[in-house]
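Think of it as A, B and C in the order they're written, each chain with its own count starting at 1.
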Amino acid sequence: MSRVRHLRLHGRGGEGVKLAAHVVSRAAFLAGHTVQDSPLYGAERRGAPVVAFVRFGDGEIHERGYIVMPDAVVLMDVSLLAHPEAAVLDGLDHASVLLANSRHTADELKRHYGIPARVVSLDISSIALELLGHPLLSAPVAGFVTKALGIAPWETLAEAVRIELQAIGLARELIEQNLRATRRAFDESPLVAWGERAPSAAAAGAAPFVVPRLPARLSAPSMTVEATSALRHTEGWRVYRPEIERARCTRCFLCFALCPEGAIQLDGESYPVVDYEHCKGCLVCVSECPPKAIHEIREETA
Amino acid sequence: MMRELLTGNAAAAWGARLADVDYVPAYPITPQTEIIESLAQWIARGELAARMVTLDSEHSMLTAAGAAAATGARVFTATSSQGLVYGFEMLYTVAGWRVPLVLVNVSRALAAPITLEPDHNDVLAARDSGFLQLHAESCQEVLDSILMAYRLAEHADVLLPVLVNLDGFYLSFTREPVELPALEAVREFLPPYEPAHGRLSASHAMAQGVAVLGGSAYAFFKYQMQRAAEAALAVHEEIAAEFGARFGRRYGAVDGYQLDDAEWVIVMSNSFSTVGKAEVARLRERGEKVGLLRLRLIRPFPHAELARLLAGRRAVAVIDQNLSVGKGGILFAEVASALPTNAAPPLLSFIGGLGGRRFRSEEFDQILAALREAESSGGSREAHLLYSESEYRQLLDMLRIARGGTIEV
Amino acid sequence: MQTRREIYKSIKDIPRAEYLAGGTGLCAGCGGLLALRLLHKALGPNVVFVNAAGCLTLLAVFPFTPFHSSWLYTAMASAPAGAQGIRDALDVLIAKGKLAKEEDLKVVVVTGDGAANGIGLQATLGAIFRGLDFYYFCYDNEAFGNTGFQMSPASPLGSRTATTPTGTTTRKENLFELWRAQRPAFVATVSAAYPLDLMDKVARAGRLHGSKLFVSLSSCPPGWGIEPAESVEIAKLAVDTGVWPLKEGHDGEVIHTVVPHRFRPVEEYLQRQARYRHLFEPTRQEDILRRLQADVDQYWAAVRPTPS
């Protein structure tokens, strides 16, 4: 049975997880491997967790679907570590690798989150912001991953970037910019060896579970508790946070009125206060504030 | 209690009236229209305190029906055939909301070719949707089934909508004697609706029918519907027993005719079962030990009871008044899957009554002969269409008219 | 120039109570969400939203809802029919004494342009025809947004969508006029960039019995190719260039409630959005640009704005 390598990429919608997977997969394909790639997401939506899978090997790939035991996890947005339902660490063990887009060191991440795998990190977001002006992560992440894991040489990767970015209709100028960012990430990426994963032992003798019948009134997708979405925090969506300079604020109420999330409320003196747990960092308030009293501050990750 | 001469449609309307429904969203379609016309008359005369609204299509009608049920009203609606399948999406949706209501389908064969007479492809298309299904043989059974259907749908262990089927023309426009139970007696059997789940009001905010993401959540809710439908078998039994005790008519998941000592069994459903029963009686007079089993509860499907009743028979024929193109008779496949693979009698599949085509008496002789043959040679999966040579020749004549020239066959 | 507002005259009149909680999965800077938030403030409590498939369907995903109000997701084509069912049920239950009058709810259909135009027209026109007492709020981002921004009947001429990559060649369906032809109690176009105009229309409409329909041009950062931070600014440009007239219709009359003093060139609005980039690069498509400006000019030439 030929060896298959399993990559699982995590990020948020809008960060280019699917495109990153496509570039890595294309690079492996151009390098002569058999590949299979697929994304998993809900409705087209920015901010929600997105997963993509890349399998590559030298023979046929008799696998499909969710990668439960990844050889490597690529974490494009470390804020997902705070959301257990994103399951970014599932299936990792000491033989696997976590490649993180972060300005924190691998050691800091590993210790802080108790990550069982070997960790390497690179601040892709800063590379993208510097060379592309926006946090367009896909191509530089692919540069990081391809170099770190030795998936393909630079020329092959560069061709993969061109093919995949052309396929989504990017202009030549932007593709060249992306290639520069990819090269930077490629050059700065540390190297890490693939591990040898032991197949997991199936739980022997486990009886199949039979789902019990719940009372019919509880068996529908309905909610009788109000406003449960408040339990979900969207601070992880932000690249920049809005900070209100009270001294300049004229209490015109525009930011309060125009926040799509209703995340700006008025305090006892009618000054606007940001609810950072539910601010997504859209920065409409920054744009609309007439005296420019709201500043955009780069968010510290993880 | 009154004894009246009623069509199946009128009996259905009486079912809704005696159930004291709150809301009737409507859309006309042959052969259902007399149901909503009767209800409209009664409402206009103040004899039924319900609101009826004609919607813009059956899809809208079923949406309004489910939404009103989700608000907490007792809802009745009716359709047929093209209308049922026009609103098909909403059958799955409303069932998934876990709200009770009764939908009467007056069966009519599906286009194309477009026609008006009955068969069961329309109602059986809905069998996966989550709606429970009761199929009636007589006008009396139509009324009774509607009353029982509300008890079933609204039961705390069920909370699934119910489809009650009656054949177009042969029940819908056919008059038979029907006992109308007194309103007070019905109210004791079927009290006013108290929602266990779906309600909407200012002090009771609810989000219903929301999206789920992730296979686990979807699988869970879908499976709970299955468990509720399974529970409905016992609930139906209880309700039918109570109905029998109160009103003197006892219904089961199936209806057996001369079944006890039958060696050869014919399985049918709906109003043409009456024809089947008459043929069974005729064959019995010749000394043939034939019996008829009428399927009444289609969803949930009564696997265990069917297996018990068909065990030990010499051979069994299923007559489907429907056709799943590329597979055969729908109920044949469902019956076959209910029987144990190592101890089932030989099974035969016949298709009859498509588009309301009437049975010929000799066809039942042919079926019996085939059953005899099957006992020794084993059953057959192949669906045999009941059709005569003379019909075929007439069809060829019509083809010649339609297409001109000679038809080489 | 702006028509005199009756209820929401100043931004300080905007109530502070929030009726939608945060934590939803909608895009940062979603113009539809902002409009819905403002609409709900104007409506107050005791609302049931009836939804058809679209971006805002993802507001309520089990077990999370942002609403203190009620919500029922129906199907793409039939939210107004769902509204009919709820309205009728509430009326019947109240009439029969099974529900107290104070338990009544305002019934509000929420759909995108995809479900409002085309597929949803049958149910909507049916509801208006029946005189249904309900609100209809359409957030129009000019495409089928939730499925990845494919062309809808509301996609404007020349705009790029996933299924019209070189630009749409059909004209935007006129939903306001389609609705208005049925003579509903109230119909209006609104914009979240003009919150007081939006809220005043909703509040004044609330005095009327019958069908009250609103369509809000809603900025869509991923679909239109703008930054989330520009969401309100672009929406304002749509109004200030005359592309999105703010008006209301009732009693057979149409009144324009916000008329720019000086119309900015339509190009200023188009140039800011990546979905119109092909009209400027690699070469300017003069024909289409001229036509788009001419369409706007023609519209306003035919309109006689009411004096303030």
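We take it that a residue touches a chain if its C-beta (ideal position, glycine included) is under 8 Å from a C-beta of that chain, and two chains touch if they have at least 3 such contacts.
The structure displayed is predicted, hence computed values, not measured ones.
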Innermost chain, where centres are averages of C-alpha coordinates: C
Chain separated most widely from chain B, comparing mean CA positions: A
Chain pair with the higher count of C-beta pairs in contact (A-B, B-C): B-C
Averaged-CA centre spacing for the pair chain C and chain A, given as whole angstrom: 32
Geometric centre distance via CA averages, chain C-chain B, whole Å: 43
Geometric centre distance via CA averages, chain B-chain A, whole Å: 51
Where chain B touches two or more other chains, by residue: 97, 204-213, 217
Multi-partner residues of chain A (each touching 2 or more other chains): 42, 221, 223, 226
Sequence positions of chain C contacting 2 or more other chains: 57-58, 60-62, 65, 67-68
Residues of chain B defined as touching chain C within the complex: 22-23, 25, 49-51, 53, 55-57, 59-61, 63-73, 75, 89-90, 93, 97, 192, 200-213, 217
List of chain C residues in touch with chain B within their complex: 45-46, 48, 50, 57-58, 60-62, 65, 67-75, 77-86, 88-93, 96, 98-99, 102-105, 122-123, 125-126, 129-130
Chain A - residues contacting chain C, complex: 14, 42-48, 169, 171, 221, 223, 226-234, 237, 252-254, 256-263, 265-266, 275, 277-284, 286-288
In the complex, chain C residues that touch chain A: 11-12, 14, 16, 18, 20-31, 33-34, 37-38, 55, 57-68, 145-149, 165, 192, 195, 221-222, 227-233, 281
List of chain A residues in touch with chain B within their complex: 42, 211-217, 219-224, 226
